[in-house]
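The same chain A turns up in both complexes below, where it pairs with chain B and then with chain C.
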Partner chain A sequence: MNDRAQLHTLEGLSAAFIITLTVLTITQSTIIVTPQNELAMDVQLEQLSSDSLAVIDMAEHGPIRNNLTECIAGWDMTEAAYPDNNLEELDAPLSYLLPGILYNVDLAYFNNDDLNVKKVIIHGSPSENAVVVRHLVTLTNETVSLAGGGWNLADDEIKVVEVRMTAWKV
Partner chain B sequence: MFDKKGQIAIDFLLGISLVLIALGFTIQFIPGLFISGSAGESSLDYTAYRTAAVLAEDTGWWENITMNGTDWENHPDGMLRIGLAADDEPRSRLTDTPNLISKKKTEQFLLLNESTIIEKLGLYNDVEDTHFAYGYNISILKNDRYLVLNNTTVHRGLPVPGDREMSGITRIVLIETGTVASFDAKELPVDPYSPGSENTIINITGPLNYELTIEIDNLNISGVDPSFKKLVLDGTNLNEGTDYTAYKVINGTELPLTSTGKIDSGGTVIFRMDPGLFSGSHTYQLQIDMKDITFTNTAPPIPEYSEQQEILYEPAYLEVVVWQ
Partner chain C sequence: MESLKDDTKGQWIALSGLVISLILIGLAALANQAMLAGYHSSNAALEFPKENIRELNLHTKDNARIIRDLSLSINQTSNETVPVIFENLFDSYSDQVKKLHAVHGETVNVSLVSINSTNGTYNHDIDMILVNIRYNDGNTYYASEPEMIEVRE
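Let's look at the complex of A and B:
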């Protein structure tokens, strides 16, 4: 019997795996998808959430007192436990900008080559149609000591922190 | 002799079935993945999304034979693209600050004529080379009301009709609404024209046609009922609510403050002043009367608002709604 050019079970499995992986990579890598009918609501939520982090990051005066970098720099390094949250400075402007939207905020950063993901704001468990948006901030020893936070950074150290917000409508 | 040609091997059948099942699962699992959005109503979604993105994130562009730049608000005749994002460097072609809306660009946007807006923002449907304009409503809202810049409401287009399919998107933006000056209470002088160390004074040089915000922090509390009493401009008492509104900051949030409300220690007080108060071209003296809060410095010098002022950006919602 000639076995050449045949697709066998294991190859079928690996092909299936590759197809699934490719499609998932493509869909996950797009930051904001162009709206399609079913996705219009998600896009609006994702856009608002991503805007709110961007806007807080630029704020200087007015209703938003501290910008995102200052908020994160002022974190005392302890994790939040529901229902208390641990970053009131960030929670206040977020709830001001996102009325009717609930959110959790995690901070992700590298410490001694280990990835730490810490919860800082918890408003509940996300519903099915939650979206995740990310914004990066850069901390130095100067910003941390100005904001009075607990990051122990060396003078020449730069810490990049990912602010990860999960948002959902209620 | 058994002929095997033209037969499907069972292994192959199993393998290809697995591939098809995986493909089917992926298509089912991710909604809208293979739906074409180019036809029908969904193009409204695209238009609303695109228009809001262009307005909030793009600076716009103008050019003529010799020059070009992003400062199209100064050259509306050569305008090629409309965009409202602020830009410090007009030749840079892009902005470092998306979602930061320029006041000048917004004011110019409100002056553009209808056909320019429809043409430049692409608010039309192209059917066999004929343009059918969409109905649209573009506005900037702050505290659920239309934002007012220089006595003009920031609103273009028609009221949203309730009886047809439409698509809208909201963006959060920061918009330049006026100026802000921050003062350290320790550096503010005791008002030399009225007795008592609980009053201070600030000079404001007119004419000013935008909203003023005065922030005072580091207040030195000296009694049990620290509060703010009144504002006096050139000897005239100002009306709370119409001439100015007062706020205090607690935990990073602004809360309204009335003349009887208590101020917390180390707190910041904020006064928003009506621009109409400072229309004359001379120096106004604003006297701030407090209770159980003392000032220690001696005048002169009396601090001047314009020496401390910075641009105030406030969060607002940019709303774009389009319909057929």
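Let's look at the complex of A and C:
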């Protein structure tokens, strides 16, 4: 039996203990890391979604046929029933501007002090890290008539409609 | 155990092992700090209502032009002057915007300060308005008082 190098054995044990401690610390940190990455992705997703609505709102009959106001003005006032969407004019440019991103679009507006929220585009159930962006459009009887929509507005009436998009990555 | 006390070899190895472990712990702590900084900056970017404020400003400007055009159109068949029609429509806009933001827990106030016409045809056309825009979501307060909007394009 040889009892030499016992100090080396103890040293090995303590080194293993310290390394285990370090690895545990790093592993624990990664638990905090995960939501941070998700938050950073949420920021990008929110910016992307908001920009896409802004781009459609600014569109002047180029590659995007109707701008956001015209799309909303042309709505026939019936809600979407999954999987059929009820605002194809808006769905087409959105799917082009948001590749790999799913979204639902609701329209919110007031009618005689009553809030109406109508679903017009449904692509599924939002995931946990979905973001919501909003954009306002103003409708008049003239814009509705030109777009052939179902809004029943008087000649001297304006209707402010909130386009509410819930977007999430798959 | 006697031989352990007497054996003083390999002290450099033991020391370097300790130093490397301490360096690893330090690096892990630094990495953790960087992640925390990332969390706070991302969270701040998400919470700050940049897009909402920008949207409120831009929409008010766009809307003022829409209301001016509509006022001129209504004026053709109405006895009321353009500024009176404009004021009524702007009040309606302000009311709707206030309610739509209130749904999200935000206080918004868009009020008309004055309607101006620089070419002397005040009752028949307007070219500039002043509005006060206020936004408050409990954390962020924004005010633009007054915001000057040219409504004649």
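We take it that the second predicted complex is superposed on the first by the 132 of 170 C-alpha atoms of A that agree within 3 Å, B and C clash if a C-alpha of one lies under 4 Å from a C-alpha of the other, contacts with A are read in each partner's own complex, and residues count from 1 in each chain.
Following the convention adopted for this analysis, a contact is a pair of C-beta atoms (placed from the backbone, for glycine too) under 8 Å apart; a residue touches a chain by one contact, two chains touch by 3 or more.
If you're wondering where the values come from, they're calculated on a predicted model, not measured in any experiment.
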Touched partner set for A:I19, first chain B, second chain C, both or neither: both
Partner chain(s) touched by A:V43 [first = chain B, second = chain C, both, neither]: both
First (chain B), second (chain C), both or neither touched by A:T138: second
Touching partner for A:L153 - first (chain B), second (chain C), both, neither: neither
Chain B versus chain C as contact partner of A:N66, first or second or both or neither: first
Which of chain B and chain C A:L115 touches, first, second, both or neither: second
Touching partner for A:E162 - first (chain B), second (chain C), both, neither: second
Contacts of A:E11 with chain B and chain C, given as first, second, both or neither: both
Footprint overlap on chain A, comparing chain B with chain C: 6-8, 11, 15, 19, 35-36, 39-40, 43
Parts of chain C lying in touch with chain A, wherever the complex brings them together: 3-4, 7, 10, 13-14, 17-18, 21, 24-25, 28-29, 31-32, 35-36, 38-39, 42-43, 45-46, 51-52, 55-56, 59, 62-63, 66-67, 70, 73-74, 78, 85, 89, 92-93, 96-97, 99-100, 103-104
Touching residues (chain side chain B, partner chain A) in the complex: 4, 9, 11-12, 14-19, 21-23, 25-26, 30-33, 35, 37, 41-42, 45-46, 48-49, 56, 97-100, 167, 169-174, 180, 182, 213, 215, 249, 251-254, 310, 312-315
Chain B-touching residues of chain A, taken from the complex the two chains share: 1, 6-9, 11-13, 15-17, 19-20, 23-24, 27, 34-40, 43-44, 47-48, 51-52, 54-55, 58-66, 88-89, 92-93, 96-97
Touching residues on chain A, where the partner in the complex is chain C: 3-8, 11, 14-15, 18-19, 21-22, 25-26, 29, 32-33, 35-36, 39-40, 42-43, 46, 50, 108-110, 113, 115, 133-136, 138, 140, 142, 155-160, 162
